[in-house]
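The same subunit A turns up in both complexes below, where it pairs with subunit B and then with subunit C.
Now for the complex of A and B:
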């Protein structure tokens, strides 16, 4: 090896060096990346494949291990025909759409306030990080106390305006709202901070020009701020949609999927079929179909991902 | 510039936001201090009449909360260390070294980082059952490392792209090998990136529920989220005890996030984000 076999710095510079690209650096690159790729492949990609295989078979659990038999598409047929699965799909899709829409609107509002706030901005940001870092299960227990029909603060408050206190977790619609409130509390700060980052990159002179042209605050927001935030909002929406689609913790603790199975998301259904009914194949079919929906959504968003990578020119 | 007024819509908005965010946190704190009778009193009391620390004693003396916290801290700390060690080198390679297939690797990692956990939980469960890793620390640490690596790699790569290359060059002139260059030259400069990746990984692993619930259901190996979720008897949920334990359990992450809040905000705003 010569002395310049390991020249750091820009690859472009290395490329134009006489003698072409030195071989050793790319070998080092693979040595550095291999452990990460190996761990990710073994523990995430391999199980995803495993899961697909499992969804096409009957899994027998025994004390010594497990075995696959009966290759068929029965699991999928059973899942697709199951009204419980359809209910879970409808709930998950509806919940994803509603929660992301609400969090996006509130997140933009909070970000607009944060942007204009001069004093105490740091304090408010710090406060907003606490729900983000909160253990979801703990906030779910807290909300289940607040929404408790016998002595919950929210039930008591609502009861002041109605003849008898409502059973918030007792009807599908109000249980849905309860999950929504808990999720909005935890997640809106996250959206707001992302949106704020987009807001502060907008050049002030654009606003000044708009003001000179006689644009009021309302039309400035719709015609200038919002279009300039497009990329930021797309990223926020993308990550929130993917997260919301996998929702598990909150319904598990707050509603147990109830009343009935009206607030049971796909992830909870899959988990229950696998670990409570011990029907691994069918559970895997639920999980695999959920993953497939997510994967298709990802493919649709791949352009957005690519744009992300492209921003800083992959070298 | 706008003049600052005492009462502006912005201040009112900020006040409302702060109130809405803080109120549930306040309720958690104050409920952990209420004696059992007051927890069920109507109308709810904003302040406990007879504040008590009995729930804290219960959570740590009668129940296993100390163990849950210890488990969570251990698993989260080791996972974070593993993620940082691996992502430092792969992030460096992906940011700085010439390599084929960077784009597919980066896009693939980004997609994995948002994949729903439930889709891999059964195969991992069966594998861990087969090799006897259920109800063990490594049974959580290894999947945690794998699932939080992709995001950390992205953070490290994005951060390292911004560091100027001069220092590395002079280290090479001095004859330092690649690994020594990374450890001695890159690490000190990449510290903010490491903080960001570290805080995100720690928070995510400390709060993770689905895998912990599935793999480590035995009481001695439960983490805080599992302990909190499965807490209580069939008919009566002991809210006071749960809240007291929860107050203690969220303290480490809250302190961590507040201390490193710049790192958290920079991570959230770096674009590639996982909540």
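Now for the complex of A and C:
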């Protein structure tokens, strides 16, 4: 992974210039990666292109298949005007912000603990990765048992403090929190592993120097550890934003978008429009606009982290 | 610009556009072959699950028609996943499955999207006489039938015989009586709740709303299907009553997360005294493992006192459709007509407890006697969902999401009525996503 590719804190001269390899080696690299790139093009770029074309057309379905007519932006107009789409966008953005923030904080904490461990680190990491390795629809089904209002453990536990056991998946706020809990359980270990990889690359001598200068643990964390983790955090945030924005399986299993449409993410909406309503053009427009938004969000993330790194280098 | 895409391309693109992969079947053997032709029948399990109807039906058909082999392909049990899998295959011009079971509410949508063969053009006009005209109309689009009614499902009110007997209560015939009796049974401490039903944000809630509005004297849309009818006084009162069931504690607050299994479980677990569910619930509630086995009664759906006495029950069930790209159209038509013939319908009623779609079979005294569910069905007033619109799916989504919001307290009844009216109008005009 590129976490080590441009370690922060080193001087500009010590870093390899991008594209600085000799041209022949570069050509050989292209040959080696060509088959992979071809497969990626076939299964990723072509379908994306196809659905973009679809999103700009009037799609008519008949027994002889699709026909695309009238190159227009009507599908996008319909999507942008739809209150259902706006609700889905608000949910998806809110969910992405909250879940990524929570997972980042918890992930860093877990990574700091893991770094201190010596003996059982390997075992603990393996244990922590179990939620991450589980297929989400299956873990979501398990969570749905936990949140079930009749026999669920979570409902019972919360019911000890209230008159009546709460219906966790029955109100917008608690359903949101339930999905969040399931997601944090699953993906915090992933963030922790990435952050841990960044932590172990930090030169111990930096800490020793800080200690000699009388820096306490709190200020060492804020002034040394965290700044040196920036690029690692950028990678973690990037991965998480991409995944959180495309969330589908947790709401699909836990709430099917309810109550009402309050937990319906864009991906679930797109699937519904396309494969329940068979409204191919509008469904493609939902998918394409979602891809565009998440792409811009990632660029923004990278820009923000890179700007900070650059600033530090100047100092 | 018009261009027609090729099968493989469309399948890959439609499937991968949202990260799903679609499998695409291959065609069966050619009809010119000497051996028997093979057709595939994609169907989810239906009827009594302990004796798979799909397999005994295929065995019986193959005995009578040695020239045709039928291969069963198991479809997803989730009705929407089932639809998505069929749509991606058939839109991609796959020639299989040749025959498939589809929900009764899909007919207009599948017809307008070219996913079903217009069977009405391929069978004698007299073929349809044996079915209830309402079920044929429900399987038709613009005057042509695209599906053949295979099973007829409807909702019923299930009740605890032992509890009504204990308190000397009659079997209720109105929803108001259900609410009153629930109060008595709850106060006596016999149950936690009165009636369990399906209030989650999904198609099942549309079915409940549809029958409540009809019982109140209104409906989701007007009789001609052109405009929403939810603002009519009858519809509004019915929605308020429905919300009141939860507010008054007659139904659990968790109703907003209940689909069929959860509602059934609240009843079989003894928490609820009454249950609104489909015909399959009778056998399940009386099976081993149910906490109330042997104490379950079934009756027609209740009326609403504000209405005209309609004991409204939403029509559900399966139609059987033919893939328009099948290479075995003759064999497929033969199989479909056999499945929906009187003999087969009788066999299914006897072995799988399905409600026959053929009138003469359903109304035959000896079939009636097969089960209390079939006897109770005589008093149900069947109401269809507005499925003749190709935009029915959008109408239903508008319905269940709005009413689910109302039930969970995010919307008042009058706000819900307003939003329903505008959303259904937009849906009928094709303006809803």
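Please note the rule applied: the second predicted complex is superposed on the first by the 261 of 315 C-alpha atoms of A that agree within 3 Å, B and C clash if a C-alpha of one lies under 4 Å from a C-alpha of the other, contacts with A are read in each partner's own complex, and residues count from 1 in each chain.
Criterion: contacts are C-beta pairs under 8 Å (C-beta built on N, C-alpha and C of every residue); 3 or more make two chains touch, one makes a residue touch a chain.
For clarity, every value in this text was computed on a predicted model and none was experimentally measured.
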Is A:284 contacted by the first partner subunit B, the second partner subunit C, both or neither?
both
Subunit A: partner with more touched residues, subunit B or subunit C
B
Go through the superposed model and pick first if A:274 touches only subunit B, second if only subunit C, both, or neither.
both
Would you sort A:29 into first (subunit B), second (subunit C), both or neither based on which partner it touches?
first
Once the structures are superposed on A, label A:51 by its partner contacts, choosing first (subunit B), second (subunit C), both or neither.
both
Scan A:256 for contacts with subunit B and subunit C and give back first, second, both or neither.
second
Of the partners subunit B and subunit C, which touch A:96 in the superposed model: first, second, both, neither?
neither
Just subunit B (first), just subunit C (second), both, or neither: which does A:225 touch?
neither
For A:132 in the superposed arrangement: first (subunit B), second (subunit C), both or neither?
first
Across the two complexes, what residues of subunit A are contacted by subunit B and by subunit C?
43-44, 46-48, 50-51, 54, 65-66, 150, 246, 248, 267, 270-271, 274-275, 280, 283-284, 287
With touch defined as at the start, can you tell me which subunit B residues reach subunit A in the complex?
2, 4, 10-11, 13-14, 17-18, 20-22, 24-25, 27-28, 31, 39-44, 86-87, 89-90, 92-94, 96-100, 102-103, 105-107, 109-112, 114-127, 129-130, 142-143, 145-147, 149-150, 153, 158, 161, 165, 168-169, 171-172, 175, 177-178, 181-182, 203, 206-207, 209-210, 214, 224-226, 228-229, 231, 237, 239, 242-243, 246, 249-250, 253-254, 256-258, 261, 264-265, 268-269, 271-275
In their shared complex, at which residues does subunit A touch subunit C?
43-44, 46-48, 50-51, 54, 61-69, 71, 78-79, 82, 84-85, 148-150, 164, 167, 169-172, 246, 248, 255-262, 267, 269-280, 282-284, 286-287
Touching residues of subunit C toward subunit A in the complex: what are they?
1-5, 7, 9-10, 12-14, 16-20, 80, 83-84, 87-88, 91-93, 109, 112-115, 117, 200-202, 252-254, 256-257, 262, 265-266, 269, 271, 324-325, 391, 393-394, 397, 401-402, 404-405, 407-411, 431-433
Can you name the residues of subunit A that touch subunit B in the complex?
3, 6-11, 14-15, 21, 25-26, 28-30, 32-33, 35-37, 39-40, 42-48, 50-51, 54, 59, 65-66, 109-110, 113-114, 116-120, 124-146, 150-151, 153, 156, 185, 187, 189-190, 193-194, 196-197, 235-236, 239-240, 242-243, 245-246, 248-249, 252-253, 266-267, 270-271, 274-275, 280, 283-284, 287-288, 290-291, 294-295, 298, 302, 305-306, 308-309, 311-312, 314-315
